[in-house]
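Both complexes below contain subunit A, partnered by subunit B and then by subunit C.
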Partner chain A sequence: MDTATIRVTRYRPEKDSKPYFQDYKVPYRKDMVVLDALNYIKANIDGSLTYRWSCRMGVCGSCGANVDGTPKLTCASFLHEFKGRTITVEPLPNFPVVKDLVVNMEDFMEKLVKIKPWIIREKETPLEQGEYKQSPEELERYQQFSSCINCMLCYSACPIYGLNEKFLGPAAIALAYRYIEDSRDQGKSLRFPIVHEMEGVWECTLVGECSVVCPKGVDPMLAIQKTKILGATNALRSILMPRGGR
Partner chain B sequence: MTENKRFPELRRKLTPGWWTSNGHYTQYMIREWTSLFVAVFSLVYIYGLSLWVTGSRSAFLDLLKNPGMIAFSFVALIFTLYHATTWFYLLGQVVPVKIGKTTSKPWQALVVNVVLLLVISYLAIWLLVLR
Partner chain C sequence: MEHLSHDIVIVGGGAAGLRAAIATVELQPKLDVAVVSKVYPMRSHTVSAEGGMAAVLRDYDSLDSHAYDTIKGSDFLADQDTVEFFVKEAPREAIQLEHWGCPFSRDPDGRISSRAFGGMSVKRTLYATDKIGFHLLHTLFQTTLKYENIHRYDEWFVTSLLLDNGRIDGVTAIEIRTGELVTILAKAVIIATGGCGRIFQFTTNGWIKTGDGMAMAYRAGVPLKDMEMVQYHPTLLPNTGILITEAARGEGGHLLNKDGERFLKRYVPGKMELGPRDILSRAEMTEIKEGRAFEGPYGAYVHLDLTHLGEEVIEEKLPFVKELAERYLGIDPANEPIPVRPGQHYQMGGVHTDVHGFTGMPGLYAAGEVACVSMNGANRLGSNSLTECLVFGAEAGKAAAQYALKENSRSFGNPVQGLAMTEEKRIFDELMKHEQGERISTIRTEMQTSMENHVGIYRDESSLKEGCRIIGHLKERLKNGIVEDKDRVYNTELVSALEMDFMLDIAETIPYSALARQESRGAHSRTDFPKRDDLRFLKHSMAYSSVGPPRIDFSPVTITRWKPEERVY
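Take a look at the complex of A and B:
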């Protein structure tokens, strides 16, 4: 068994005014990930270490941290990939830290609700009339964006959000686009004013790191630019055809 | 909600050097900064053209022959090429073209745009100068 050195950010607001690093030595096998190391520390070395996790298989999106300087799911970062190096594990950047590796994501939760992440119908059809049908092509238009697990890696990788927390942000816009592009949805007129606010899509300057760090293959940068195009064509259409533009 | 905020949360700010922490951020910053050279070159060129149309053609040519201007033009050319190619690549990333079942790759957009740039530039030079 090899041994890894894990350097974890500690911040205990009841005792510390500043965060500091603490090193732990963790024995590991080839199949162990950073989350396993944190669990090992908590069980065997220091029970006070605080972090979030749940599924340990890249589905729940709760174990995100800055691993070796990059936002990652700790359950998907293998220890052997850092062989011979100290692995730094820090709380996700751009969010306030509650304790150790736990960040406060309330800001995103408010933004998520704001974009109305559900199918909006002008008029619900009765159940007896059956389901709203959709072709494979219509499904493909939004499917990748529905894979978002709200893990916040994209917000942590986004310097725009780091500089201006009012920015609606990658995941919220990707999810807004997921519903805008859904053929069953009729809520465009409700979502457009939200995503096209100054701090909506137009705040994005195409850094593109959100799409690089996403563990689920979602491309928020693409969703943001497509929303910009939709907004611009919509505005142009309403100027050229004031009556039938929408 | 106020209950769990008895202890102060740690607020962190991006440091001015944030863009040096990751190669992608650095590339992004270079892309943004090179646009300044594109803008300055355009302004100088518009000024030069205004000299040309108002009749002081020699003043425009003197401006172009100035060693400082030649050096600036050279630097601006390199930065404009960097700016253009990175944007062409991004264009391919954000507006992929779908033909049948295949979707275009960003590098394909880069190639098509560079070819278009060369063809249009040649046509413009041919129309204005060579013809």
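Take a look at the complex of A and C:
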């Protein structure tokens, strides 16, 4: 049987003082993804190997890991995409590790709340009056930014977040921008200060690693760039037109 | 032992659970609500729904038409009063979701776009490209973040319901990150844990769909209704079971056999690819059996052909189908047909409830796929389930809130404390202490294979009896199951063992309920009883937990305006 070696980071805080690698031999098939290999190990070799997963179709966002040094969804990365027959699987960088491949993402969950990711209206329209009209063009303006699955790959790839965890980060900014650009939303003036007062936005040099690793084609770098421009204009307007020019 | 207390505990953070949470605090902002989920809510399996959600929003459509389609789709096993309630509430829930920000696809005039779907007579399935589940879930989740009184317990695994004299007093749950068992007291508990697809081998369902809530309610004494009604979806990728949405057919895709023939003309000539799922899945099985399917490394399959739709339509309306086919099969659906075969997708049956999500046990509610409110009967129509989560999630939330407002806070005394101690002992002193025995994964694989082989699309008495026997045997073997991982912190193997225990209880109700229903109706096809038998079986099966195998009883179906007729498309 054709085999591959999966070299996985092990770290069990109740036993281990620091992480180490453990090698497992798994069958190698052309249609196997990295997650299949992890599942094979857990079911047949070592029940204690710990990682998250669910949908195995690239939409739940659970199964991110650093595979051969690049943040990937393990359910969407085939063994044959990697060069050798030894594939290294490590927890996503820039996060505290809970156990083996499981990282602590509470920091993002807190940041998500900060950007107020819900529709803000000055006045609610009664449901009886039907949906808010939105043209396909208006939808287009924010659609890609609503496709974030919160998989955390962009935070792992982000050099700014790696240095300064106070940085709001690519996914949260992309989501803030998603609401800012939504024609139904009226909360822009609340969100701009949040995005701009957080550390790091201005340090972002638009290297764009976040956009490269995104498995859903979201371009957080573009969102960061646009919020910078929009924010600057907005700030200027509030100085020139303090009574709220729109 | 640590204990926490809330007015309401919602188990599960998918569409039904989150909609329920919002409904409780919208009714009374002071209510203190906990959403307890074994995963971060945005990982919930709602995320994988693709095609759309049904609701009557257009002048060319009517509530009666939606009701009739749903009832006919159910092969007349749906409770018609429930369906009427559902179709009436559906438009409001759809608009509400839109107001909360769901990025629905739009027509040029700015209205929500709708598409054709199986068994629906007109275009009434509202969509967001082919990722409605993802968008609906994230919209709901992000909306819950604005309510300070919705408290989340992310990655907490609920292990049991706490009962005090037939009344619910809360739950026990393991905080996965620490491995501590904690009691969460509540005046009302809403179960919204979704389906149980992982009891089958070949399923669209994610890893987390292990029927936890169904099993807990069942153990607490609530009957599981119509469990024999298991939906097989006709278009799964043959190797992985990944779902290719019905929207692919709604947008004009064809099903072809190996002769390139649109074989559905022999089965559902009036609807063709837009026939209901039960009939289409059986049609594919017949093509396979009669040698008109393709043979592949993962068994026989047919083709879902989208090539005539053109690149533009596929990219605009079915981008996820394209992404999945390209990534997992290396196929561009604009150039090549997609290989598909039928597989488990949805459980019509579930925890018996009324239209308010009430289970009959004081303080206990259920909504979404975990529940059987009896709107889907013997076969659910595609795109009705997300709307079901919203309509009945909201309803259960309101009902639980009204109940909780009248009740006093629960205290951590007996019998609750004793029950919690017993649960602690069961998990950490018994299960975790087994040193020798079988791997949980071995038992799981055998259960999945046996459900597939003996309780699948076609059943008969001998296959079902064999299914009952094997599941019973596996339950015995699970008593000697071992968890190799002895850690407290983030023990996913322990969670799997507890899920396995839930799954076997659920799995057992299916062949037993199927044996009792000696007819063929909707998704339930008995080769030894090939005809529908309204005289004997126009009624719901009810599986009750008992010592030994489940006890099966029946309860009446509510008929209001639509007399049962032959189901021809």
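Definition applied: the second predicted complex is superposed on the first by the 231 of 246 C-alpha atoms of A that agree within 3 Å, B and C clash if a C-alpha of one lies under 4 Å from a C-alpha of the other, contacts with A are read in each partner's own complex, and residues count from 1 in each chain.
Everything below uses one rule, namely that a contact is a pair of C-beta atoms (placed from the backbone, for glycine too) under 8 Å apart; a residue touches a chain by one contact, two chains touch by 3 or more.
What you are looking at is a predicted structure, and each value in this text was computed from that prediction instead of being measured.
Student: For A:E122, is the partner it touches subunit B (first), subunit C (second), both, or none of the two (neither)?
Tutor: After superposing on A, A:E122 lies clear of both subunit B and subunit C.
Student: Per the contact definition in the header, classify A:W53: touching subunit B only (first), subunit C only (second), both, or neither.
Tutor: After superposition on chain A, A:W53 lies in contact with subunit C alone.
Student: For A:N150, decide between first (touching subunit B), second (touching subunit C), both and neither.
Tutor: second
Student: Name the contact category of A:P96: first (subunit B only), second (subunit C only), both, or neither.
Tutor: First partner only.
Student: After superposition on the shared chain, which partner residues are touched by A:K42: those of subunit B (first), subunit C (second), both, or neither?
Tutor: In the superposed model, A:K42 contacts subunit C only, not subunit B.
Student: Which partner, subunit B or subunit C, is in contact with more residues of subunit A?
Tutor: Partner touching more subunit A residues in the overlay: C.
Student: Given the touch rule stated above, what does A:E14 touch, subunit B (first), subunit C (second), both, or neither?
Tutor: Both partners, subunit B and subunit C.
Student: Is there a shared patch on subunit A that both subunit B and subunit C touch, and which residues make it up?
Tutor: 13-14, 98-99, 104
Student: Write out the stretch or stretches of subunit C touching subunit A in their complex.
Tutor: Counting only subunit C, the residues touching subunit A are 39-40, 42-45, 47-48, 57, 92, 94-96, 98-101, 103-112, 131, 134-135, 138, 142-143, 145-146, 154, 177, 206-208, 239-240, 242-243, 320, 323-324, 327-328, 439-441, 445, 483-485, 487-493.
Student: Note which residues of subunit B are touching subunit A in the complex, please.
Tutor: Of all residues in subunit B, those touching subunit A are 4, 7-14, 18-19, 21-22, 24-25, 28, 32, 90, 93-95.
Student: For a test of understanding, state which residues of subunit A touch subunit C in their complex under the given definition.
Tutor: Touching subunit C from subunit A are residues 12-15, 31, 42-44, 46-48, 50-62, 76, 98-99, 102, 104-105, 109, 112-113, 116-119, 124-125, 127, 130-136, 138-139, 142-143, 146-147, 149-150, 175, 179, 182, 184-185.
Student: Can you list the subunit A residues touching subunit B in their complex?
Tutor: Going by the criterion above, the answer is residues 11, 13-14, 19, 69-70, 93-94, 96-99, 104, 159, 162-163, 205-209, 212, 221-222, 225-226, 229.
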